[in-house]
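Here it is, the structure, as structure tokens.
We just call them A, B, C, D, E and F in the order they show up, numbering each chain from 1.
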């Protein structure tokens, strides 16, 4: 394998979009039932509601001059699938996801959990950012540190 | 009010799109637990999952020559909101929706329930068709009779 | 030019989507000012509002066995551009479009006007249907005769 | 397995969307090189160009009263995947697809080939319709017989 | 109300998308009529044209460890609705919007006006960014200071 | 021409989206055929595949207080059309694009080539960023220096 060409001097970002469907209710263990009902309204329904979540993962770094890839999106897709989608897809986020059990599964908190999971799986010299769409009109972005 | 112009001789259709978020599990009361698990797989999760449903309502008839409307989409939107969205939005479709309690809340059956509800609220000389998107890639159409 | 192959025995439809931006107000010349205000509400604003209209044109017929085309979409696009878009784009639909001057520029009436214009330009053995999107959530379909 | 409920008396349609990426050039074996160049312009480039095709498959029939499904979309997806996507995805449609070798791979002809492949795999009491998007603005619909 | 958990140490952003429809013409009071006509072309039409504007509001800050919210998107939606949408929706941007009366209602200037309105209504420890889509293919982003 | 108003003190960004269709194969001249086949899989097909590329160009700078424009999107569109789209649309990216001939036409490398072309055509006091969508779910961002 010959490595004679050079990388561009500036970073590039690669994005990969995946999706999952899940049930949840917004309910904070740090609030009373009455407070939860006032703050979260119909999203606090104890019998749950759900969403088609769209997950956008951004990875930033330098292009490998040999392959022309920053990161193979097929590999990125597999990492997301095995570590995030299998854990969240067709699940009840309040009851079945260890990382969310003691917290409120708001879009913010789900995004942070996904970031923490993927941060451990993506090479540390690559920056990571998570965007999580709860609906087309409500979404959250978490760039970590 | 003067009615001197004439309607076009051909029917027109008006579409209105609304959305709701709900939890469900696919589970037929006519099948055993084992059969349900085989047929519906992860969609049979007893702790539910959920979707952002997009609902497209099509109404067909003749344009009123005075207003230029087949039907005011603000009115159509309000009929859908009051009769369908309030009943389904942020609900558990298996447990909280009377019309779905003895059936399996597949996209097909939800679309038929929505059709039956709206058929009773839309003037009988107007044809009605329901399209219900469970995801961007899975959807169902029910044109009734 | 050799014509030795055969057409499929069943019709095919080709769709082409174009867009235009225009101002309008909903105001029927057959209604009093007070009636117009009640029926059309904020859409009756005498100073106009506007939309990004998306226009979808469907043409149905048999595929030419020599070219493999029902109709060249570049040609269809040009016909729409020259006859519809040039007439409606960046215009005031109440004041500047001859075919709409004595009517109310509802989505229904604009679709019918577009159909009539294109019907005269598309070969008569091809069926034609117009879908006009006033917004992503409000649209109209006119299949003519 | 108990079959005590009844199907709705009216047909329902289920849609499933899949996608594939492919290279092609528009070039009819029934036309001379000069004719091909005039008719197909830059689409006739002998070095090919390509598209992200979106394929929408519509299946129409009666809902099974036991499962609540017309047809399991996971099954429909697998049938499309195994019979259509594996054949067309990341392929050169002019050179690598047996069913298209003696024809011009227009969107119309690709849709007809897909219909014929799937017609043999979908139960004969279900109606089938193919919509194939070459771009967001150019697409074709083939409902077969 | 117990506040025992801790906020994540890194900021999160929440996005909310709203829309409005309006008429405008591009015409700068600082240019002559002839200059306006040359620079803005058909967008300078004195009888106006219009758009379906999509407005994306981004708010950045720290998640409240008790609620799991950075900011309730229902509240954010209401602030946008009451302060921006009611002012701009179904309006003539040149004639009816005080903040735009002495300026040219380009997408840039409308975005800046929206930013200034919302900046006064969003808590000062939250960063704000406005993205305004005039069409799907033309849009503007304004992050303020 | 009178220049009496003042620019906002903060930068604004204008976005313009264009598209092109092209064929390519992923194949690095710095790797052996066997290595290329392992790394790029079906994307290495020697007979090519293709995509509908969506290209988003972001330009950042200060609004001209006289016109209210950062940059006329009609002009930006023309610059992209004449310098990028004409070069790439309906082309084979491996064989027909000078700037890509000695490299692997990954989404990363195409984005960098587009950046370099446009950087020479956009005024140097304006910042430039390229986003290139290979599919709806795979895309790349290149902000240059």
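One rule holds in what follows: a residue touches a chain if its C-beta (ideal position, glycine included) is under 8 Å from a C-beta of that chain, and two chains touch if they have at least 3 such contacts.
Being a predicted model, the structure only gives us computed values, none of them experimental.
Counting only chains that touch, the fewest steps needed to get from chain C to chain F is 2. Here chain D and chain F face each other with the same set of residues for the most part; over half of the interface numbers are shared between them.
The pair A-F is the one among A-F, D-F or C-E whose contacts match those of B-D for more than half of the residue pairs. Taking the CA centroid of chain F as reference, the farthest chain centroid is that of B.
Farthest from chain D, judged by the mean position of CA atoms in each chain, is E. A straight line joining the Cα centres of chain A and chain D is 33 Å long.
Averaged C-alpha coordinates give centres for chain A and chain E that are 27 Å from one another.
Residues of chain D in contact with two or more other chains: 136.
Per the contact rule defined earlier, chains pair up in contact as A-B, A-E, A-F, B-C, B-D, C-D, C-E, D-F, E-F. Residues 26, 28, 30-32, 35, 39, 41, 103-109, 111-112, 136-145 of chain C touch chain B in their complex. Chain B meets chain C in the complex at residues 1-5, 8-18, 58, 63, 65-70, 72-74.
Of all residues in chain C, only 19, 21-24, 42-43, 45, 47-52, 89-92, 95-96, 135-136 touch chain E in the complex they form.
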